[in-house]
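What follows is chain A paired twice: with chain B in the first complex and chain C in the second.
Our next item is the complex of A and B:
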């Protein structure tokens, strides 16, 4: 473990040096970020290797996509994305609350700068709006997390636990754009440049969920099961708000913004599942890993599918269209057509929801998957054009390959998550 | 293992055919289905000599083992899918060229996209019926949906994009409901798997989800709203797969679930039966009110799918009837949709049956093929006859011979007669009567030879040795699942 930590620190050092030297030689930042990600991947232990590979791939594609924009901080932006990817790789392997929260901040803060990137200047107006919401979200999340951690030492947490839980979930919701706290999402997604938004909508969504899952599992107690209804209702509201918003929107970026709101609602259902499976046996809190790994695998696959899709679609918006079959593949992955990645994500989440008896949420998730079909098909149809050998199409091709990985049924991923879930339960 | 390679052939063709010229791609696609057709036929004759399953991989619980299932039920469906897909592929060569020209698109490049989607569509159906795990089955069910949607969306008629979406949304809802049912099966502690051979029970909730989902997919009266649009506005080769093969696969899914646990059907037999008969008769009468030939055939499909649902309720004999009904409807309807396509291609988009009449004089070959198609639907001198026999046998077997059973037998017989009635009505209205144009037209052989091959097969399946090889095999499988003892009749 110490070697892994040393490798991570080394990767951070390389990133920092790359960003410094990129002021003189811009490509330095790019290569330094790639080297840092390779080191980060090498530091991933076997149980989270598949996860690491996915983050590595998404990180590299995000880095490459930055070449489509001429930003004024060229070089540093590579460093920021590299930092986000490293923190995302790291969070799954840590069992330290402080490091989990540090990873959350390391992923959140770079987006404050990235969101302002645009060609020939800085998009300050969007930046202010985004930062205001994000700071508020991060503060809510951190306070919620600390309260929850504190309740672990109390014999009777009671109301304090509920307060911590609600603050944490609200902070998470604001951070990732779960309705009704999604106010910033459509405005920022439509006003900012598509490339930084593709990063915010992809890589930046993963860590907050893992952090929330980790904290909620770590602090779970007998009250958890009764309070998950709060998260379930939020998830349901988000699915409907997102899908109805996307159905009634015309601007592509706005459709994708609402699609994010809906997708975050789907992923939030994992938060519903995980604490419910904490049971008290002979006075001890026992985690049932057979349920957690399903929820964890489902949530992560859905986040990866969301990341791949958002990168592809936002790059297509930037490039004024991309190859039509690629657009359709991404749309089908979002819809949840098997054997694409989106399908497996939803399937595992559904399985875990049925396990814990949230049948009504299963029904809502299924209905929402169906009502999302028209806008994804419309998006694919409107953004789809003929083949051209350009950066946009290569990026789209790369993300389609990611969604196609699950053509090999992802038992391999499920087994990895099983080992990981067991590790979490052992730690607790 | 050899069967696996035969099933892989059409899958390989999916990726090779788009690289070839339209003619070669068509021959390759057709051959890729004809070869497995003969291998299935071989297995049907050989009986227990062929492997009953091929293991693919083990998935964590609750998904379980993923394997291919090679029993007689799968073979019967597989044989039909191969035969129809191979022949419709040939029919589609001149038809789709004509369609691309009509749409003012580049024939060569569009054909590449079309043949890829067509092959993927057909192969998904083929693999679906051999899937030994419900999740694998669901994957192929969704693949058929997506490929058919793309074909309608890209090459359909009228408001094709709207129709495509209508089809996609309805069938996606059907699919996810079915998936919800599968998930409930998987999480039942008595099962903890989705492998067909490992599932021991299907709870009422799971059954309800699957049943409603598949009612939409079949479809029967009520959720049928998407079908006349989709089948009428799809490019005709797609209609010739969609109506004969795809919708009936809902019957296949219901059959597989019923073979595991028949309790849902036993509990709700009478309401389902009444609904199915009413649906079939209502849709049968609706045929008379249609003026668009393809739409007319679509309503006939709704009526014929009522047969499938009726058969599902009628115990082991009914289930044999279900399989044979699927085959006969597939043969008949593929011929009829292809005939409609032939008329569209030869008579410049003609679909209005009020403007038809006497077409036998101008296109006698297509007219003759259509007659064979309607004979299949009516159950006259084709395999459809066996289907109707087993359905009636199922009624008698389930309800006995008494006044009560007459209340079922008479509507069922009327249901059968209605198909014959609207069949001859359509033949007279479209192909006979006063001809609008007596000039005999030269038409491509692709427009009728494949149709006659399907027609001949449908007749051959009525007689030994094909029927005597197929039906005992079907009985053996269904009898085993249903736990019926004694000597097989």
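Our next item is the complex of A and C:
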């Protein structure tokens, strides 16, 4: 057994023990989760170290934010978030389909419990709504993945490949809330407690995308270029639905719900890019890694920016406001103002789209970024208050620091993704 | 050498970082009185860094190019260059900014918003340094925009418009429908609006270079190949778009008006604006670009558009030169007269640089060294002018010999700065101007006598207006209504240091023939024609000194003072045209435009989509399941049909 895997298993064991002991001493769960994340980060290889650090930071902030809620399962909830963060750290380093799908499930299932957390009871109604769609999404995703994996062994995949592709993308869309399969998002985001939603809207969004990306890259064939138009249309619908929905909503949590729909549309465009670079050379399928790293870097940075922003805004909702400049910084990152992280995410995605010739999608992404300006600024202005030394402001400050990391142009991140992309092509 | 990035970081960031404390403590009078020293120290750090670069960094390619990663995935990097032009210009910019900053400690004492002033002053300096050392056009453009933003902040510094001394023009003086008087707030707005007008096409030109050349590094771009690729029309359009940015920034005809009304800003700003930043930036970028385009080397490649562009620049420069000098000859406001003379000098720089197309590398050196000499001389004159405004509480030329005796230091500095600038033999500018005469003589063959005639005319009138400035301020001017000749120690120190550089350049570089200065200057100065022109300049200078105002020509003077009514283009014709177009749009096109964007089509579309999005959200799980299942089924059916077809 390789050392990294052993460390991951050790981290899982610590998490489990922490959760068990937390029934007696609640803080055990918290400290065990932190130790597990430190071990998980140490297990990250050099090529994905920056990615690991971001996930570590987001995971820690999510853990700390749980202290803002008096949950009935306090202690175990730390373990669940720790488990999600570990799976998220792990997925980027594996090329094993079974492990990719396992990571997806490990991130998805804890959210079924987290979504029901509220002070003084359990939010069962929200839980049912959420779990119904998540189960459906997971089933679609898994079947799609298995069909796609099966087509690798077929000389002429044809219809089966297209069906597998569509099912996988629909599963992903349902899981993360891409329109027009987003119906659960506004209801769940407004009915559930803001703290668990901040976790679902941040950490839980990363793994499904990476899983889908990995599977699509590994199973890509000559049909992929033709079918990407489906994902592109879906992404465009999601951007417009999310932004127009957010623009015409008043409730803060609902605005953030639609903003998630829009952001997932942006990130979905990475799926459009990656398979297009598959070409046939002398009868062999060759993955051209030139643009994968751009799309991967863009998608991940946008997911990190989305995570940071969602954590900040949902915590501000919970804490009835946060320090105004911090709110504006998060809003600017969402809009895509340089040099904040949201800008770089969008820029890399746009560049990769330009490279593969999806110019109309580039135009739509830019238009949608412009449409989003009013509601993000409105959100910042309504949630922004004066400075107070409390947990909410501390969390918001931490996530703003994350979005500010890209003040140093993220060439370092891009290079890491380039190395990662090259290893993908080697695996194939 | 791998520490150079620290030097660059200190060079660019020290002025900005050192001005942040005063910007943040804008509410505290105590701190805003102390912190200007920190801001000046920041500029001093830049001086040290620029000197370090000058003495230690390589001068020749490729060693003098330093590249750092910037915008990943685009190929756009932070590329800095320490070639001949940049290393000299960097020192000139930093040193002049430092001297002016020292002067400003005295000049701006008691001002009502020092935080605003020092922050933008330092940003101005840092932006110009970025322009100077950038090899990458996009990075250069960042500095360029920094200059624009800082100039707006500084020209409109006295935004309350509550002191007539900051105005340009005579209040309530009307010519036709137009009042020829401009407050500071208007000056700031006019500067930024004119510059933005040029920046937009310049930005598109840079984007086009990126697309067609695949590289934005000035020293790396294959200019000849680029011009051949984009062809005759492409070359002309590309370069003209780029040049509009340079012409607006350098206030060349017909974009010169903003420079005159920019005199509403503090004098320190005017000094910096006219010597080493802003207006100089346009000419400097043209010299730098031409340095690497090497148009004289492209003669063998059929790029016909290039010659037309250089002819255009040559005549825009020469016409601007003469226009500025003539306008200055009728002016009676201290700073505006100097502003007109700057426009004239910058015009000559453009013209000399453009002549390189036929003359070669030497013409660029002439343009560059004229820029250097002009920078120190003009900054000295502006600083003196500011001191005089303080001393007389008047922005108009005034002060007789008695006043001159009491203001000995500014008097002497003015004598040195004007005589060293106009081209009187054997003083500093004479050698450079002799080079310019020689360059224009070379153009007789391809372009005729006109360039040389325009240059000589401009030089003669220019000598006259400089002498007029000296005479009406210290010798033959009216007695000032108010005299406050005491104090101003730091102000004197500022312009004394500034003017001393002119003497340094003369003795140590020109007369002692330091190898960095081309020996052609000396040989050009020795030519009989150059000496003849120099003597004619001296004669004009002396005549104007003796007779600074000629009452018989007062009407012509007023015409020149009114900048030959060019303000009508900016303040009357353009606004009227704009209003006419807006009325047309209002009366005929607005219904359609407004209906589409504001009242009917787009809002209706948004409303309908928004209603649709909200209608789905009933809150009932069964409805959601039906919708999702239905959509999934539809997608799968479409995929099945599409899959078979594919």
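Note that the second predicted complex is superposed on the first by the 427 of 428 C-alpha atoms of A that agree within 3 Å, B and C clash if a C-alpha of one lies under 4 Å from a C-alpha of the other, contacts with A are read in each partner's own complex, and residues count from 1 in each chain.
In the analysis below, a contact is a pair of C-beta atoms (placed from the backbone, for glycine too) under 8 Å apart; a residue touches a chain by one contact, two chains touch by 3 or more.
Predicted model only: the values in this text are computed from it and were never measured.
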{"item": "Chain A as common anchor, with chain B and chain C clashing or fitting", "value": "clash"}
{"item": "Partner chain in contact with A:409 - chain B first, chain C second, else both or neither", "value": "both"}
{"item": "First (chain B), second (chain C), both or neither touched by A:347", "value": "both"}
{"item": "Touching partner for A:357 - first (chain B), second (chain C), both, neither", "value": "neither"}
{"item": "Superposition-derived comparison: chain B or chain C, residues of chain A touched", "value": "C"}
{"item": "Chain B versus chain C as contact partner of A:121, first or second or both or neither", "value": "neither"}
{"item": "Chain B versus chain C as contact partner of A:332, first or second or both or neither", "value": "first"}
{"item": "Which superposed partner A:374 touches (first chain B, second chain C, both, neither)", "value": "first"}
{"item": "Contacts of A:241 with chain B and chain C, given as first, second, both or neither", "value": "second"}
{"item": "Chain B and chain C contact sites that coincide on chain A, given as residue numbers", "value": "347, 351, 409, 411, 414"}
{"item": "Contact footprint of chain A on chain C as seen in their complex", "value": "69-74, 606, 609-610, 613-614, 616-617, 619, 621, 624-625, 627-628, 631-632, 635-636, 639-640, 642-644, 646"}
{"item": "For the chain A and chain B complex, residues of the former touching the latter", "value": "328, 332, 335-339, 343, 347, 350-351, 354-355, 362-363, 366, 369-371, 373-374, 377, 381, 409, 411, 414-415, 418"}
{"item": "List of chain A residues in touch with chain C within their complex", "value": "128-129, 132-133, 136, 140, 158-163, 165-167, 170, 174, 180-181, 183-184, 186-187, 223, 226-227, 230, 240-241, 244-245, 247-248, 258, 294, 297, 347-348, 351, 409-411, 414"}
{"item": "Chain B residues touching chain A - in the complex, by the definition given at the top", "value": "57-60, 62-63, 66, 135, 138-139, 142-143, 145-146, 150, 153, 161, 165, 168-169, 172-173, 176-177, 179-180, 183-184, 186-187"}
